[in-house]
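Chain lettering (A, B, C and D) follows the sequence in which the chains are written, and residue indices restart at 1 in each chain.
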Amino acid sequence: MTTDSSSLPLDKSVAEPIAPKRASWLHNLRGLPVVPLTILLIVIGTGILAPIIQPHNPNEVDLLASLRPPVGFDGTWEHPLGTDELGRDVLSRLMDGAQISLLVGIAVVLGAGTLGATLALLAGYFRGWVDILISRATDTFLAVPFLLVAISVVGAVGASTRNLILVLIFMTWAGYARVLRSEVLRVREADFVRLAKVAGCSPARIIIRHILPNIVNPLIVLATLQLSAVIVIEASLSFLGLGVPAPQATWGGMLANGKAYLGVQNSLTIVPGIAIAATCLSINLMGDWLRVRLDPRFRQL
Amino acid sequence: MTTSPASTVTAPKAGDTPLIELLNVTKVYTVRAGGFRGQGRQLRAVDGVSLSVPAATTLGLVGESGCGKTTLSRLLLRQEPPTTGEVRYAGKNVWSMGRGGQKDFHRQVSAVFQDPYSSLNPRHRVREIVTEPLMVNSGMSRHDREEKLQSLLSDVGLPPAAAGLYPHEFSGGQRQRIAIARAIALNPGLVVLDEPVSALDVSIRAQILNLLKELQERHQIAYVFIAHDLAAVEHMSDQMAVMYLGALVEYAPVEGLYGNPLHPYTKALLLASQPPQPGKMSLEAPLSGEVPSPLNLPSGCRFRTRCPIAEARCAELSPQLREVRPGHYVSCHLVN
Amino acid sequence: MPPLLEVKNLQTHFITRSGVARAVDGVTFSLERGQTLGLVGESGSGKSVTCSSIVRLLPKGSGRIVGGEVLFEGRNLLDISENEMRRIRGSQISFVTQDPMTSLNPVYSIGNQMEEPLRYHQGMRNHGQLHAKVVEALTQVGIPSPERRVKDYPHQLSGGQRQRVVTAMAIECQPSLLIADEPTTALDVTVQIQILRLLKDVQKELNLGMILVTHDLSVIARTCDKVAVMYAGRIVEEGPIDEIFARPRHPYTRSLMRAIPQIGRKEDRLYSIPGQPPDVRRLPQGCPFAPRCPDVIDRCTHEAPTEQFFGSNHRARCLRAEEMGAS
Amino acid sequence: MTGYIVSRLIQTLVTIVGISVVVFFLARLSGDATALLIPPEATAEDREALKESLGLDDPLPVQYGIFVKGIITGDFGDSFRFGEPALDVFLDRFPNTLKLAAASAVVALLGGVSVGVLGAIRAGGFVDRLTTVIALLGQAIPSFLIGIMLILFFAVELRWLPTSGMAGPKTFIMPAIASAWYSMAALTRMTRSSMLDVMETDYIRLARLKGVPERAVIWKHAFRNALVPILSLFSLQIIFFVSGSVVIEQIFAWPGIGQLTIQAIFSRDYPLVQTIVFVTSTFLVLLNLGVDLLYAVIDPRIRLA
């Protein structure tokens, strides 16, 4: 090899075309659950547009028109879903409730997801005492009876939408941290992370450019499932009278109200019940679809 | 290769400074059982290893599971500091370099690993994978990087269109080419090849080995080629080191080692790696038993529990690596 | 008397989202007692699927045997009931699997797992008898102090020892056919030969027919009487081992042998086979090896080669097989 | 093995300390703790006196020390509402909650695991689709909604079961189902996926290759390996049963700690709230420890490490 080695022919044996199939973006929407998506769009739409499209002021009391049944059960189109014991329009209150559920749900998922993911990245990447500290905190938060603590805290700080969101973030971040930390540990062991270190990438670059993109899929799936869980919790707290304070309409609050009229006007319970169940079911179905589309390995939870 | 530069185990000769060298390097891990303090046990993953690799040559490194190959590659890549001893690059201790020196080290040393699936970030396109070292370590403009990318892709035999694709769109062999393109992006002096073809199909291995050899000649790169396939190592290497349970047992130029192996372990490995010839291959296992746990090293010579010629003194005294012929080192009491 | 095993035109397909994969596409071979057949090929060539098809254990749902016959001692295994098939698995046809680290159930002791074939196939219930049989089998495969090992759990054993346990389990019921699927791939080189030796020993002792699946030609050369080379779901060449090594007739076999680096063969460049192994979901017309073949001619790209015989037991699936033997 | 136990014990201790910190700050979250402890009509002097008697003027670490000392001696202070030691009030009600939790646990475990296993071995079939539906409904419909629906149907319409209260086995049926609802779905899902994962392992393949009958493959080889993740989920579900009691007990007027908590919160009975949260949490953490030690029995890799 003493002479001009650069004139040697290179082994160009891979001339054949590389994997031909490049999926179109439409291909990615295969199996999209249409009905759940429609329900979600309706909930989101009515939630956002509530003030414009509400047939009545949701807090307007009309004792003369109390406990009207919905259309189809001897009701009139004046109040399509009937009225409650104070004569307030159920449909309008349902729209207000959608607004609260979505607001709380999305805010909590964003907050807790960001917090949980950040802590998971730090714990999983740096290991050592950072990991021990974060993991122990995670374990502690997962070991306490969450709803019990949540209502105690809400009771202590006073019920308001803001407090509710903060408390729920505080109580749900640990779920993300635990699941994502094990994902980070898995990704961290991948050779491309070792090679990034060999190439001299900074920890910040490795975490943000290499590890984060590889835990986004489980994060999205987890967040979807958490969204419905948070909506359920918010409804539970409102049901107990510890959520968003009255007279603001919430689905849980409407249910609690309706419970007193079981056997008298069942629709007061059934209507908000269906709203919660349909919304959460739709979110879960979307989550299932995402999970299969994004990561077949991510089967549990 | 016309001449293979003489090895320099203890002191490099003047004018022949090796590119990278390990000086009596030991790496000890503490293994915890059950996470209760006080139960930590010492694992000597690499024990007193001295090696050197001159520029533009290949050092082959072989051994079975638990021999310390992986730890050695981590030490060479400056991913872990040695417990004792020194790792030197171009004569400088890699653990006492300033920030500039470290940056230089990252520019000069890169690696290709075994698993072509785990080696490439599945979320990055080939463009980003290959040019990341340029982005992190050089002030190259985007335009220059793109030009360099194209020349790298052609160097490793990939079409220009590959730049915009994701790793999952390639086969194992093609992925390994991408990994190689990344490894040579900064014109490194040394590339650590950790089992680069073991995970590939037999028919693809030769392609990759040829490619590596061509790139070495073209760009004057030094390789540390870690493998368990002795034939591939012979084909690729100038120098060759055999490891067993963390220690070097034989270290010699390739011709010497294959032509006249001295250590009983090397002999056994060679016997186990005969070329396929029906009817002429023995089924007598060259060694009995298996590698003992590195947590529980045998006394004296660590190979003695499996050695066919072990004597009483092997259990008492640990043999030192010594030069029995010019450039040919062996660690065995029974070799003259 | 029929041969021990006769596989005739076996076809196994996998239904995937992106099409039907013809994993095994018309495989034919036969095996006598005491004989060892080596199945070589790269990943995806269909060698492992062939073995799974013989005992009808394919991944549920996707894999399906769509044609052919598997005659074991004259009986077509594809016709019998699942219950009859189960009684053959592990008693008359047994397996040694690839990865000893993951093949043993981590939560049961070695003894417990080794008793199973005896319980299920021989109806043995007596504890003392079972224990004695297990210890005997462990002794037979060279496990030191078997009395104690019986109580051990898999994670307490080394890789080589676990592979011995798997082998012991396979021969407990005195099978007549042993299928070893890459039995040494996961082991260290010096341990590999020990396990090959063990397999050959038990074969001789029980006069077993053995199928040894591997990608490693030196394993074949060490242990087999005949060899079948698989490519893209077909056997492209089969014959006695000396014949195949001395006069390979299929360009794929020839390339494979040339492409392996060999100690002491000085060459500047290794011979390399261009391209990638084919995708069995989209096989080209004609010969599947044509795109990578060094000896390809026009006919190869549109005409599927049929088998040509050379002597009674050497066959190759190549249009130019005749000329290949001459060079 | 001892190493494993010791490390789990240390972890448990750390968690309990963590809980005590959380509970300690609960009382201080609203800024002025006295606001919670005192009727609004109290005078400023009353307030100061209370602050002093509670040691609220001391630095936080000192306050925490006093708090921990109280915990260790079992003195959580007196309940304002009941006028007796908070711990006694709590212990009076706790068994009722545990009884309901135990009933729910049985329902969830039996239902979830059996449906999950069936779904896994008939993957893709009818039963499997049923498991998917159960899992989805369980996670989407809140337990209080299930509770109300059960009341509406079985108590109000059919009049088969009493609407509320705790008296005899019949009264357990609806609360137990409502409380188990979510967990059963989660366990169904976990059992199914854990079984499917295990069924793909090499040792299951080898068991089949050995001719082990399918029933033994599933129950002997697969199920025991699948059990570890199922159990760890189950131990989290126990937390959920106790936690969910807040809602369930409110609906069914069940005289347990859930109802007690709500009463305590609305009457600002802070010593009682603290007691409930701390003792319940600690109890659950210890229960978790028990489950973890159970793993060691199931998995020899832990036992013999």
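A few notes on this one:
Here is the rule we go by: contacts are C-beta pairs under 8 Å (C-beta built on N, C-alpha and C of every residue); 3 or more make two chains touch, one makes a residue touch a chain.
Just so you know, these numbers come straight off a predicted model, no measurement behind them.
Here the chain-to-chain distance from subunit B to subunit C, counted in touching steps, is 1. Two chain pairs are in question, C-D and A-D; the one with more C-beta pairs in contact is A-D. Chain centres here are C-alpha means, and the one lying farthest from subunit B is D. Spacing of subunit C relative to subunit D, judged by their CA centroids, is 52 angstrom. If you average the CA atoms of subunit A and of subunit C, the two centres end up 50 Å from each other.
Put simply, the C-alpha centre of subunit A and that of subunit D have 22 angstrom between them.
Residue numbers of subunit C whose C-beta contacts span two or more other chains: 272, 274, 276. Shared interface positions of subunit A, i.e. residues touching 2 or more other chains, are given as 11, 13-15. Among the residues of subunit D, none is in touch with two or more other chains.
Residues of subunit C touching subunit D in their complex: 55, 57, 60-61, 86-91, 94-95, 97-99, 102-109, 116-117, 120-121, 153, 155-156, 166, 169. Remark: subunit D residues 123-124, 201-203, 205-214, 216, 220-221, 224-225, 298-301, 304 touch subunit C in the complex.
Interface residues of subunit A facing subunit B in the complex, by the touch rule stated above, are 1-2, 5-6, 8, 10-15, 17-19, 22, 190-192, 194-202, 205, 209-210, 213-214. Subunit B meets subunit A in the complex at residues 1-2, 77, 79, 102-103, 105-107, 109-111, 113-115, 118-124, 129, 132-133, 136-137, 154-155, 157-159, 161-162, 165, 169-171, 173-174, 177, 179, 182, 207, 210-211, 214, 217-218. Within the complex formed with subunit A, the subunit D residues making contact are 11, 14-15, 18-19, 22, 26-27, 29-30, 36, 136-137, 139-145, 148-149, 151-152, 156, 189-190, 193-194, 196-197, 229, 236, 239-240, 242-244, 246-247, 250-251, 258, 261-262, 265-266, 268, 270, 273, 276-277, 280-281, 284-285, 288.
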